[in-house]
Structure formats: C-alpha cells, structure tokens
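Structures are listed in the sections that come next.
Same chain, two partners: chain A is paired with chain B first, then with chain C.
Coming up: the complex of A and B.
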C-alpha cells in the first residue's frame, strides 16, 4: 500500500455563480468565485487559506463540504472523490468533516436547548444510546471549556466566545478528522480570540484533527498554520510552509499582504506596500495574471498570459511570471 | 408574566365600555321597531304603547343605555325583547356550534397553510411555489358567501358527498357531526388558509438564509429534519401570532358562513336578532364576541412568549 498521509486533496476546483443581469432581459452572467483551485491537506495538519474579502475563500470551504455544489473539479477525501456523491453517502462522510462558522450568533438554532443541538448530529448518524450521547455531550462540553450544566440552556444565554466554543463542540461531537474553520475568531473580541485559537490547537492534538483555517487575519494564520495558501480572485497565487511564506515570499500579492500586518513597534518604519485600486470584479476578471492591474512589478506578458502555479521545490508553489 | 396578564386585563375595561356605547348607538340608529315585528302592523296603538313601556323602549335613550349597562355590570345581559329569554343563556346555547365551526376552520386552514407554505418556501421559484402562491391569492380573495354557495353546488348538488346545511352535535353523533362540519369549516377557513400560507412561505424563505440552517446541513441532517426541525420551528412564531389575529376575522366570518349553511351558532343568531330589532340580544352578542376577540389576542401574546425563549426571559442579544 502506498503511504498516503494526505486527508484531503482538491484538484481544479471551480465554482461559478450565475447572476441575473440588469433589467428585465439582462443576460445572465457568471461570477468566477473559485476558478481552478488545487491543494492538499495532510492528516493533523493546519492549512491556512488567506486572502481579501470576496476572493473565494469561503466558497472553497463550503464546496469542500458540498454545502454548495462545485461547478467542476475533484475533491478527494481520504482517496474518495466526493464531488457528485449521492446524498446518503455524503451524509456518512459528514461525520468526518465538519465546519465552524464565523458568526457565532447566527449559526445555532435559537429555539433548541444546547443538549438537543449537540445531540442532534449523533442522532442523525445513529451513534450510541441516549445515555451515551448525553455522556458524550458532557465530555465534549468540558473539553471546550464549558460546564455540563450548561446543557439545558438556550444559545442566546451565552456570550460570543462561549457560543464559538459551542460551535466547536458541535463540530467535535461526531469525532471528525477534518474541520473547516471559516474565520473562526473574526467576529470575537480580541481578548477572546487567543483563547479560542489555543483551544483549537489543544483540540487538534487531542483529537488528531486536520484544519482548513480560512482567515483574512495574517497574524491568526501565522499562529495556527503549518502551511499557508494565498488566494486572490478565485485562484491560489502562492502556497508554501508558514515560515517560507513569511520569510521567503515570492508573489507580489503576498508581499503586499504581509506588509500590511501591523507591527507593535513605534520606531520601526517599514516600507508598507499599499495596493492601488480595488479588487477587480469576479464577474469580469482581468486577462492574464489576475493581479496585474495592481501589481508594481508588472512586465509585458502579465496582461496576456496567465501564469501557472510553479513548483519552486520544498512544497513552495507560486503563480508569477517573474519567478 | 402574571403582571403582564393582569395589565392586559385592565385594558379590557375601556375597550368594553367603548364597544358597548358603539353597539348600543348603532342598534338604535337602524330604522325599524321591534314592536312592529312582534305585534305586526295591524296592532292597535294601545297594545303597542303597552308593549313599549313594558320593554322600556319609551324612555330616553340615555336612560335606556344606563339601565342596560348597569344590569350588565351585575352580569345581567337582559332579556331578549323577542323571545323573552335571557340573552346570556341564549348565547351560551348557540355558542358550542360556533366554537366547533371556528376551531374546525382554524385546524383545517392552519394545517393546509403550514403544509403548502413550507413546501412553497423551501422550493422557492419552482412550479409548486408558483402554484401555491396563486392558490393562496385566490383563497384570500374569494368572498366566503360565494365560496360557500359554490361548494354547496359542487359537493351537495352535483356530487352529493356532503350535506348542504345543518348541524349535528359532536357528542351525539361524532361521524355525522364531522360530515356536516367539513363544508362550512372549509368555507370559513379559506381566507385564513390563504393568508397564513403566504405568511409561512415568506417566513420559511427568511429562515432558510440563516447560518444555523447551513450548520444543520453540515451536521448531515436530512432535508426533512432541516426544514421541519430547524426552519419551520423558527418560522412558526410570527405565523402563530398572525393566525391568532386572524381568529378575530374568523369570528366575523361565522356570521356569513353560518347563514349560508343554516348553522345554529351565534353568527346566525346575530343576523336573526338584527332582523327582529332585538336590541338586547344584538348588543349582548357583539359585546360577547368583543370579549372573546380580546381574550384570544391575549392568549396569542402569551403563547408567543412560550414559543420564543428569548421573549420569555426578557433578554435580547
């Protein structure tokens, strides 16, 4: 048997959304939300997916869970292609992959007690007896830093940080192997962020989890991730190990992103690269390299030929004509 | 909670006073005389005058109101000037038929509405959605007197499946009672069914866009569980309130529907009493309906609090 350590392999994932054009007879247009994204996640690894708002990070996450159907591409979970899989088979797979959302206020059904909310996944997958399920809820609650007596409460009785703990507990209930964390701390107070991130790290070691961490916050990603993929307008422009990204970045967009991280030093002056213009519309992405209208290193071929994702060795990939 | 309920009870007093004044004045503004109705036009002026003074109709109208409302405060609804029976006992005698009809209409329409509204809302934009929307609009728009007659024509005359008129006590013969109930209940509930369907549909659509629905899908729940347990449960709160408010309209609707189907309830009683200029009877019934209407609204408010734990605890995020 081939030694295969990857848990998830995504190949050429594409998701186009159709929108109605303006006016009564407006032509329908595609939004190229995700346009050919490939990456892998190893067991117990954390891959960070960073990029500006609207670059397609969240769409990637939801496609992986088949919460939205990809337009094309393949997603292999433990070697099985889950794109186009039947609903029943997919339901079984949902035990293995779970998601944590950004907004801890909206993602819990307001009219169910915590015990019912947390036991529901076990009921769907018919895991354990009733008392075993209860025990599991109590155990997981304790693991995420809540007390078992909270079980009888409703979601609105908890604070934002506690609710995010509940979301994490909910994801953990079925003992998944991969958790997609979609901006897990951006809606939380800064004081609580570190607690939740530390919790995620602890749980990763305890439950042998792999994470796909979707975030726009580079300091969060730096703290959490083994590898980082940078997305721009529906494409991955650079992907490498964390230290490579931070110390040996190759793509001009990565450079600009990193220069935007605030540094807690008063005297230190750094050259901050301020990108000109807005992110182009994903309805009508630029020809050639998608970053070229905002890139200061632009050369002739950039607005004609789309750069391929090149392997620079040691797991460092970049899509830029200059490298 | 108890404080809230008591508070609402106090509001009943001015409302009832206002209703009683309005009902009283309107009744006396309608031309016609109960004495004509009771004695016929050939009666002598003497007998008419004797009857008038016996009924208290010869007194000043303000005095009449005061004497009527004064008795009312003591729980005395006066006597019918036509049948000479106490108003309250006549109402109570006719009430079960009306309650049966209203409950049946509510049950039928709410079940249809929840079912149709949920299907339409969860399949937004589909042909089924379109069909449900059109039917709902149709139900809301059809006047019940027309729908009632139409139903009688189709289901009693062309296809004699259901009886066209009549009422059978639920406890004497259950099956026959239901048999008689179906057409009038459906007629009465149609407007409500249409309105509640539209309400349910829009609430379902609203709830479907919430994050916790995505969570539910990610849990691996089946479509049925997602829709019924997570979406419908949350969509239900406004729907219940709305249904409760519609109950008032339903009470008004019984007047027409009971008349069509010769249903011996208070709706029909009020129509007959108006024809006979039976002042105390009409006043009593309208007041009675007003009280029921207010109590139903109160009940809806309370049940709303029970359906939504956030209201119950008086906390908001």
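Coming up: the complex of A and C.
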C-alpha cells in the first residue's frame, strides 16, 4: 500500500566540532563527535540509539532537527533532504519532528505558566483559532495525565515526573510524526520511570508516532525499541532488531556493554567482561577500528583498517573484522 | 541478633536528623537503626530524597547546622557514641577510621592541588608521616586502585584525569589510612556502565583484601544485587525493609520494594512494550515536610488498608533477620 515506509533516512551523517588547540597559537583541532552514521526509521517504529557518554548519540539527535548543523551527510525526512534547508522551511518541518530533552528541570521556561507553555508551540506554528488551541491544550493535557487545575501553575510547582509529562505534552501539541526522545527518563526517580515509559508507549499507539530513543540504559531500550543501534566514538558499531541485539550480538562492544549492566536479581554471577581502560578521546580516535584498544578479540588488521558496517542479513549490521 | 563485641563494628540506634526549613521541619532521617559487622558489605537503596545520603553524612557528623541537626539517637562505633565526641576527637575518626567516597569525583577533589598532594595530606594528618614517606604511601595507594604509572600520575591535577580515574583517586584517598568503615555514596552513579563495572569490581576486591566494612549507598537495585550482602531499603527517611540480599530479591516483603523491582524493565527474556505493560508505582514521592499521616507509602500502595492511613507501622521481624515496616506483615 505504502511504497516507502521509512519516515527518516540518515546517510553518512558527520558532525565535527572545532576546538582551539593548546596554547595561544595552538592549531585548531576537530572533535569527531559523529563520524559517518547511517540509519533509517520507519513509520511508527522506535529506534534505540545506545552508547556511553561522549559517543555522539545526543549530537545525532540534535543534527536531525538541525539544532546544530551537520558537517556533511544527508537527512531525508519523508523523502526530502533537510540538510541546508532554509530556516523558514525548517521551522515548518519541525511541526513533524519534535524533541524531548533529558533534563525536565532545565528545559521549561520558569516564568511561564503551564497554559502558556502548552499554547506556545501552537502560536509559533500558527495552528488553529484561539478556541481550537484551547481545546487542543485541554485534550493533550488530559492525555499525558495532568489535570486542568495544573494550568495556572509554574514549572517549579511540578515534580520531575510531571515536568517530563509537560515536555511530552509540548512535543505532542503540533501533532508530530517523529519524536526524538533524548534520555527521557534518566533524570527521574526509579519509581517514576515506569510511568513515563508507559505513557510514551500509549501515546505512540494513539498518535502513530515514530520515536528515536536515545539512552544509555539498555533495559529501557530493550523494553521500548523495535530496532537498536549501538554507538561507540561517533560510529554505529552494530544495528539490529531488538532480540538480535540481546540474544545474538555480534560486536565485542555490544557484548561488553550488555555484560556490564548490573541486573537487579540474585543469581549466579555471569562471566562479566570488564573492559580495560577508558573511552578514548574523540579528538584523537584510534586508527583502524575505534574499539580495538579495549577489545579482547582483536586481530592484526584491527589497528590498521577500519571495519565497514556489514549486512549480516535480516537487517543485522555490524562493523567488525571478525564477522 | 546475637553479636559478640568484636564482630559488631558500627551500630546506629534510632537516629533522627531533622532539617529546619522555611517550609517546615523535614525529617530527613526518621528513627533509623542498623548495625554493621567487621568486613561486611551493607547496601542502602532508595530514591533521591529518601535520606540515604543524610544518614551516611550523619555518621561522620557532616550535616550542615543550620539547617540540619541530629536531634536524637546514637551512633556507636566500636562501642563509643560518636555523637558524644568533641569536634577535635571527631576529626581523628573522620578519614582515619571512617571515611567516605562521594558521588561526584569531579567536584569532590580540589582542582588547584595535585592528586598526590591531596592524598598525602590525609596520610600526614592522621598518621604523622613526613612528606617523602607520605608520597611513597600515596604512590602505593594509587597502584593498589589500578592507576597505571602512579609515580607520574601523583603529579597530575584532577582535570587531567578521566571520571573513572578520579573515582579511583577518591577511593585511594578514602583507603589511605586503612579505615575500618568506608561510606560509599553512589560511587559509580556518575560513571558510564563499562567504567562502573570496573569501579564496583575494584571496591569488591579491596573490601575482601583489606577486610574493610563498606556501606554502599545507591539508587540502583542492580548494583545492590551484585555487590552487597545485606540491604536496607529506605523511603521518606525511614528504613522500610531490611534483609539479606537473597531474601530481599527473592521475596521482597514491602509493597514499595516489590513495586520498585517490578517497575524495572527486565533484561532477560522477551519482555517488551508489545508483550506487557510496565507495572508502575502510581503517584509521586511525598514532600518530606508534608508527609501523609500513618505509613508514608500509603497513598501509593496498591494494598493499602485503613490502619495504614492512621498509624505508621513498626518494624516487624517476619523471618529471622528479615524486617519490614508494613502492617500487612503484622
């Protein structure tokens, strides 16, 4: 029926940040934050982007919305390349693509009441008449589990979980097709997280949303996502269907990441793989495979030749010389 | 509980810590009692604001006054009540016999001194070593916590090290005087999972090697399950459940503990958003200044009874050494 089911297609996305070198006349250096990332997201699909801090997952999210300009690469939203698009056109396009940030304390203007916070996206995009806007606000408010009497309150009067509900409501106001959720539950208390995750699932089914879920928490990603991409130092090292990642992982980094998670259950200790050393700096990424200095399976070519992302079939991709 | 005096190292009895704020009196720690044996690893788990950090800081008497004050109870270390000591006597305990690892390795180290300088300061102060000997000891400590080429790294400033390295320095500093108790407050929370695994392994190894007792404070049930032997679960300033780690995870008794465990998505098996909805705990953590009457978990509890809303439950020993503060088990 639908010829093209993908809503977003990212090809060879790169983002380098320039920083000043050491000393007064130091040469400027590049930080290779995102270095050639490609993926697609289908309609109503959830893609998980996991990795440790500094691997570039947040930068990818911001590039998609053109909140920062990519260095190179292409981003197709419903078949249209949005890299280099004019500001006006991009603003219109943001009706279709919204973002939820990690910190529910920092991303709401403290001087605006909830009613104004929710009205703002509709005003920016000139959607509807005054009464239609009010109806929409009331409807979304109820959908995210907030009450009408909250409308006159300021952000500081809400708890962390409620603030995250407000952020979600703001993203939903303009009826988007894709929501980028950047660590939506990391800043919340453990007993509140399940509430927000359940809400995100409900809303996805009701509003036919596609999600890009950026997270470092592999148990959250496993629950929420259809497909998962694992990032390390600016590159996707493995990408596959959810169950494939957890049961049939192919990359040594995915294996180490999975084995490092402390599991809340008492049982025999698994053979934990503890990675040696720190994540290298993205200013000077290692030659060859970026994971090779910490990899216990490395072979000769790993420190020379950078592995390509290979298709193992069934949408399972891995960048490793051993496969 | 049968204990000979040698085994019992630290005992906290009916500790009450209040914060006097404009919004009212916040009972940050409310009637908390527990004990610790020599060489034991005790976990304290709870959400932000449950009083776990305040409890640990109270043991070292590091509560800023005002607004906070220890208003009741006792902290007995090797039979001596720490609350009765003078500030000068307390300084001999802090960092020497009981030391602390803080959550933020970025902000807990002084940025304008080298790490060598900061660790040797502790050693010189408490052990009276001279500068050269203290530095040698410092290098030895850094080697023990797994910092490569420690002779070089002692001259580094904290900003020259990664987060994991700084946490290793914090651990070296806490261990420098071979304390009997280490209070580790979220030692791995600010770190990435692969680095967290390294740090937790290190703490476990050193604890075994040096036979130190460790209080591990965290919000992460996974870290608790894999690291400690006995657990206290805290909620709104109170210990709601206390058990061995096996009993706690195999048969949690308090509805809060049970709810927490069931709300976390499982890494095993096929659970996902299509197969089942996450079991959430409704409501929010109440404000410490306006706690509900009776049991503080009662507004969120799925099995609440009339008595819960009227009277706070006492501690019941349901099985040997498994305690719970819940009327369901009376």
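What we mean here is this: the second predicted complex is superposed on the first by the 321 of 323 C-alpha atoms of A that agree within 3 Å, B and C clash if a C-alpha of one lies under 4 Å from a C-alpha of the other, contacts with A are read in each partner's own complex, and residues count from 1 in each chain.
Assume contacts are C-beta pairs under 8 Å (C-beta built on N, C-alpha and C of every residue); 3 or more make two chains touch, one makes a residue touch a chain.
None of the values given here were measured: they were computed from a predicted structure.
*Asks:* Following the overlay on chain A, give me a clash-or-fit verdict for chain B and chain C.
*Replies:* Aligned through their shared chain, the two binders fit side by side on chain A.
*Asks:* After superposition on the shared chain, which partner residues are touched by A:28: those of chain B (first), chain C (second), both, or neither?
*Replies:* neither
*Asks:* Between chain B and chain C, which one contacts more residues of chain A in the superposed model?
*Replies:* Of chain B and chain C, C contacts more residues of chain A.
*Asks:* Contacts for A:197 in the overlay, against chain B (first) and chain C (second): which applies, first, second, both or neither?
*Replies:* A:197 contacts chain C only, not chain B.
*Asks:* For A:124, decide between first (touching chain B), second (touching chain C), both and neither.
*Replies:* Only chain B; A:124 stays clear of chain C.
*Asks:* Touching A:65 in the superposition: chain B (first), chain C (second), both, neither?
*Replies:* In the superposition, A:65 touches chain B alone.
*Asks:* Mind checking the angle chain B, chain A, chain C on Cα centres after superposing, to the nearest 10 degrees?
*Replies:* In the superposed arrangement it comes to 80 degrees.
*Asks:* Please work out whether A:170 is in contact with chain B alone, chain C alone, both, or neither, and reply first, second, both or neither.
*Replies:* A:170 contacts chain B only, not chain C.
*Asks:* Let me test your reading of the model: by the given contact rule, A:147 touches which partner, first (chain B), second (chain C), both or neither?
*Replies:* Neither partner.
*Asks:* For the combined overlay, can you note the least CA distance between chain B and chain C, rounded to whole Å?
*Replies:* 8
*Asks:* Shared contact residues on chain A, chain B side and chain C side combined as an intersection?
*Replies:* none
*Asks:* Would you mind writing out the residues of chain A in touch with chain B in their complex?
*Replies:* 62, 65, 67, 90-92, 94-95, 98-99, 101, 103, 105-112, 120-121, 124-125, 154, 156-157, 167, 170
*Asks:* What residues on chain B touch chain A, complex-wise?
*Replies:* Residue list for chain B touching chain A: 210-212, 214-222, 225, 229-230, 233-234, 307-310, 313, 315, 317.
*Asks:* State the interface residues of chain C toward chain A in the complex, per the touch definition above.
*Replies:* Contacts found on chain C: 47-48, 162, 164-165, 192-198, 200-201, 219-227, 245-246, 249-250, 256, 259-261, 263-268, 270-273, 277-282, 284-285, 300.
*Asks:* Name, in rising order, each residue of chain A that touches chain C in their complex.
*Replies:* Touch list, chain A to chain C: 46, 52-53, 159, 161-162, 189-195, 197-198, 201, 216, 218-220, 222-224, 242-243, 246, 256-266, 269, 272, 274-275, 278-279.
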